[in-house]
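Next come two complexes, and both contain subunit A; in the first it sits with subunit B, in the second with subunit C.
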Partner chain A sequence: MSAGPGGSFSRTQYRLGFWLLLAPVVLWLGLLIILPHIDMVLVSLRERVASRQYEFSFSNYITFFAEPLYWNTFVRTAVMSIVATLLTLMIAFPVSFYIAKVLSGRPKMALFILCLIPFWVSELVRTYGWMILLRETGLISGALQWLGFIDQPVELLYNDAAIMVGLIYTSMLFMVVPLVTTLDSLDNSLIEAGYDLGGSSWHVMRSIVIPHAMPGIMSGCIVVFMLTLGNYLTPTLLGGKDSLWFTEQIYTQFITRFNWEQGAAFGILLLVLSSLIVWAGLKVTKQSFTRVMS
Partner chain B sequence: MSEQAFVSDASAEEQEDLACSLLSKHFGDFAAVDKVSFSIARGAFFSILGPSGCGKTTLLRMLAGFQEPDSGDILIKGRSVLHTPPNKRPVNMVFQHLALFPTMSVAGNIAYGLKRKGIPKREHEALINDVLDKVQLPGYGNKRIDQLSGGQKQRVAIARCLVLKPAVLLLDEPLGALDLKLREQMKIELKRLQQEFNTTFVYITHDQSEALVMSDQVAVMNKGRFEQVGTPQELYYQPATAFVAGFIGDSNQYVGQVQEQSGETITLVTEHGVRLLSHSSQPMPAGAPITVFIRPEVMQISMVKPETEQDNCLQVTILRTLFDGARSQLQVETAEGAVLTVALPQTADFHALEPGRSVYVSWQANQCLCFPVPAETEAQPEVAQ
Partner chain C sequence: MRPLRKFRYLTIITAATAAFSVSAQAETLRLLTWGGYAPQDVVEQFEKETGIEVKVTLSNNEDMISKLRATRGAGFDLAQPSQDRIVSAQADFNIYKPMDMSKIKTAQIIPSMLAATEKNTQFEGEVYGVPHVWGTSGLIVNRKAAATVKDYTDLCDDSLSGSVSYRLKRPTLIGFAFALGEDPFAAYGDTEKYQRILDKVEEKLVDCKSNVKAYWSGGDALLNLMRSGEVTAAMAWDAGGWKLNSENPEITFVAPASGALGWIDTFVLPRKTKAEDAAYKWINFVMQPEIAARITESAGNFTASQGSDDFVNDTLKAQFKESFPQADLDNINWYPPVPAGLEEMEGKVLDRVKAAK
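== the complex of A and B ==
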């Protein structure tokens, strides 16, 4: 700090600048993330005993565990999300490897942009696109009839496979981007050294490429898992009434039943569930959260 | 080569770890490697020396199997490896940036190749400890790669290859990233390791000092071809081509014309008009354009005209001294305007030399070399400067 007469003044200025720059982040986090969540916790822990009269209670959580429908939907959503994440990874990894390591120059950029372009339209439009393809009077059904494989229209929508297709399609980019980035940073000579020391393609992939790409794999998986678990649009549109996605239960409680207490409890449970699964995933793969997110 | 050739020539083949015949690789119209043939005796330290872009990396990558030659053959221990993928070839490579696997420990890096070779796991520890002892890193097995210094990484990269007992170890300028002091140490260290493991080393570099210090044989490569293959001494004292003479060691180069030839001594006049005597074993017609090479260290400086008869003796003016310890040099200019660089011995006699002073430099005819200027470069003699 300068020792001159302006010293204390510039120090105050510096402080002011620091807080002004920090203000948007603090406001955003505080007003839009932390406060609503604290309020959600408080709302979820009360029970309406009479009009406008509330009491502290765990009844909303007890209802969740007592009612098999809620419980089953919850587990089903978690399992489907994990499966969707793994399938996305399995499809995205070869694509990313091809983009990052096999191609170079213009074809590389072109393919990367091709992965990006579908995300210029909204998720709603993309999901409707799938509905046009999959519905009973849709393109695939029509094509199969025209080719003579089937003799009457077939409904491909409103089942788990349709939900899965939609979820994977929606999540693809969020897996491809971190994977391409980490694979790009893998020095080609490491791959060559892997071969040179006697490794087959499988060994090189398993002992060199995948360990290197692990932070990218995990960050892609975390993002895709979170997006899938919290997705409302795709399961509802492609899965129809039977989709049984947990976000629909939350929606129903808040909007249809006007039971904010129950909805808040579900919301908190979903948050706890996703945090637990991400934590378990990081533990199993021995990755640290800071490294994965950097 | 046919099968019979192998049988009849078995003893000769046994002595060679690596042989290439008419190996070529083109990228479009550009010939990166152009009909290169050579063979390396068992246990030799063989260097390929050349300026960047001369094709030496392409050649090494073909030996390792990362690039397919367009034509020609590669024989390792007498067997063609043209259709052998890199992971099946009995050669290993130390990469330019070493390519140690950062996700594994030192022991993990060394064990990677052992596992792929199918060596039982219980033998790994002994082999790893043994090779770490030999590269003088005992007890480093559990260290992470990022805990090692540059020289230690170097040793691990070599240990990782040598533990597999390859027929040939390929080294792709591995000392390039090290600082000067460490590079000097590693030169001696590499030579020691090569003798200790008794493995054939093929070392590529653009640094002539690395090649000359370590190698048994050096191939000088230029524009995809080998200019000369020989011992470091041969390359230095008997360069076969003008390129080798100019590339190995320092030289004063002048373009000139032959005046006359008597026996193996040529009288020539440089473009500045300086008359010199030079040795030449090949006949040169009078008037033929030639390039003459004079090494700074063959010239003797004297304050007064030497009494003994010298083939070449020039009175020159000192332009400047270039002090570099034992490698100090003197830049001098003849009356005709030709600038020469002369080695300056760091003895008391020459401490008083100052720019502007007149001295004599002298040398014998057989201490300079001359080569005819090839027809295609004749039109642009300034290249030879």
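== the complex of A and C ==
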């Protein structure tokens, strides 16, 4: 291909450039996301009848709905993820508002970076940090005894509250960043105008700040919800003897039970059901997905 | 189109380097094994003697099978699953390659173990496994705080509320079944009978749940719980108990009254092994008595190598003797091969125990 006359050449070059730039995305989506998922669907529709013999069947999906255990595990995981998302929002919103609207310059950067620092260590290390704090012979239990509030060691680990703490801590950043960004884009004079027109703080917050921040709130919530729902480490390590988590169930089916068919069905169900929950959340808050994600 | 031409050169160079790096690679042995089975000094000596590089990946029974299943037996040259888990995995997933016994120096291996493994790892007339390390699971007990624990079911004693730990895996089901007076191994072939035993065990485990502090999954996590005194009695491997015993004489491994559960970890060739000769060399190398003794010191368990006990340090031998008087040694229940399908039944029981309130 040598240099041709101006017009046609630049068009081919443009087209070539377009496809070259698109190629990584297409390859990424196709090879790492779409193809494996198609394979997952196919695997999930098989049933092992005998050694090395498989038959087409819906039995793996039927198991999910027929066995209350799996269904309950999913509901429990979804409910806990929603609660964790809401709590994260409640904690992150004042923090983000303070960073975006009250502070400026260096303190603003400093506080933002403080939110970021825990994410410089891996999730595993962060979770072990919580284990050191919460366990029966851990720091908090020791400090409470030393202060005389309790006279026996208390076990703070291995329960649902510990999971919740771990989940919220892990997802804080993913809520703070979108919130700070949207709140930053809110013109301060709008808030002042609200006050000038006689609105109370609560009123200004409800009819000016929150509606403006809604896309940020929703995108933060979606990210946090998906991360929490798909979290494996935190519930497994911090959770107690009856803590069930759906991803743990998928892992168990794949790795310890060698039941790829069941695991694949669970994986597909997790994808579908969590998408439904997100869709419902968007409907309820009257947000559109494209606006939230932009 | 200069940029494109440059791009083309780059591709050629990349491809060439890639090809070169493959051909220049020395012979390597990719070993899929358990923690402690391939200590650094043994690996270094092997590399020096043979020039074969050893790449060690640590794993466990389920993980090994899953890894090999995902690649249909590729990615590793030698694996070490337990002898009872080989036949069913081979039947279901076809991930192993038969052993060529003529390439193994069988004189180095304790004959009874070699024969037992040969029998238990036979599939369609071919032998798949060679024994390496053996040990048991039973009880690790803090003798000061939980002196009453003599059998698995004693873990459910009211006095131990909140200070007990075990795994939610099949050894727990088998151990409790024996302690409840059943013989699960005899029922391996009879699904209905096995289910009845499992139901009984499930009831006991659900009952026992209030005693459990946490179901452990990693060996180190359990050792920490025992060390800190948060857990005073647990169902676990003997080597962990002896390790704790060296730190704190109060804690040790106890063979349960209904019998410790005996396992043998083996050597198996993955179906698409690329370094078969190196694998046989490694097997023959680590089965030498002195080398095997070093593996015993690092793993905490004895090997199937003939005469290696003479080289093992006295502490471990004394700990072993204390935990296993002759009667307890004879009482060990050795795992027979698991028939395919049983693990699914067990899985449902384990799930229900975990979900029970």
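Here is the rule we go by: the second predicted complex is superposed on the first by the 279 of 294 C-alpha atoms of A that agree within 3 Å, B and C clash if a C-alpha of one lies under 4 Å from a C-alpha of the other, contacts with A are read in each partner's own complex, and residues count from 1 in each chain.
By definition in this document, a residue touches a chain if its C-beta (ideal position, glycine included) is under 8 Å from a C-beta of that chain, and two chains touch if they have at least 3 such contacts.
From a predicted model like this one, the values you see are computed outputs, not experimental measurements.
In the superposed three-chain model, the partner touching more residues of subunit A is C, compared with the other of subunit B and subunit C.
In the superposition on chain A, A:Phe258 contacts subunit C only, with no contact to subunit B. After overlaying the two complexes on the shared chain, residue contacts for A:Asp242 are found with subunit C alone; subunit B is out of touch. Judged by the touch definition given at the top, the superposed model places A:Arg46 against neither subunit B nor subunit C.
When the shared chain is aligned, subunit B comes close enough to touch A:His212, but subunit C does not. Here subunit A touches subunit C in the complex through residues 1-3, 48, 51-52, 69, 72-73, 135-137, 155, 158, 236, 240-242, 244, 249, 252, 254-260, going by the rule given at the top.
Those residues of subunit C that touch subunit A in the complex are listed here as 1, 4, 62-63, 65-66, 69, 89, 91-94, 162, 169, 209, 212-215, 217, 228-230, 340, 343-344, 347, 351-352, 354-357. Note for the complex: subunit B touches subunit A at residues 64-66, 85-88, 91-93, 95-97, 99-104, 112-113, 116-117, 160-161, 164. Against subunit B, the residues of subunit A that register as touching in their complex are 187, 189-190, 192-200, 203, 207-208, 211-212.
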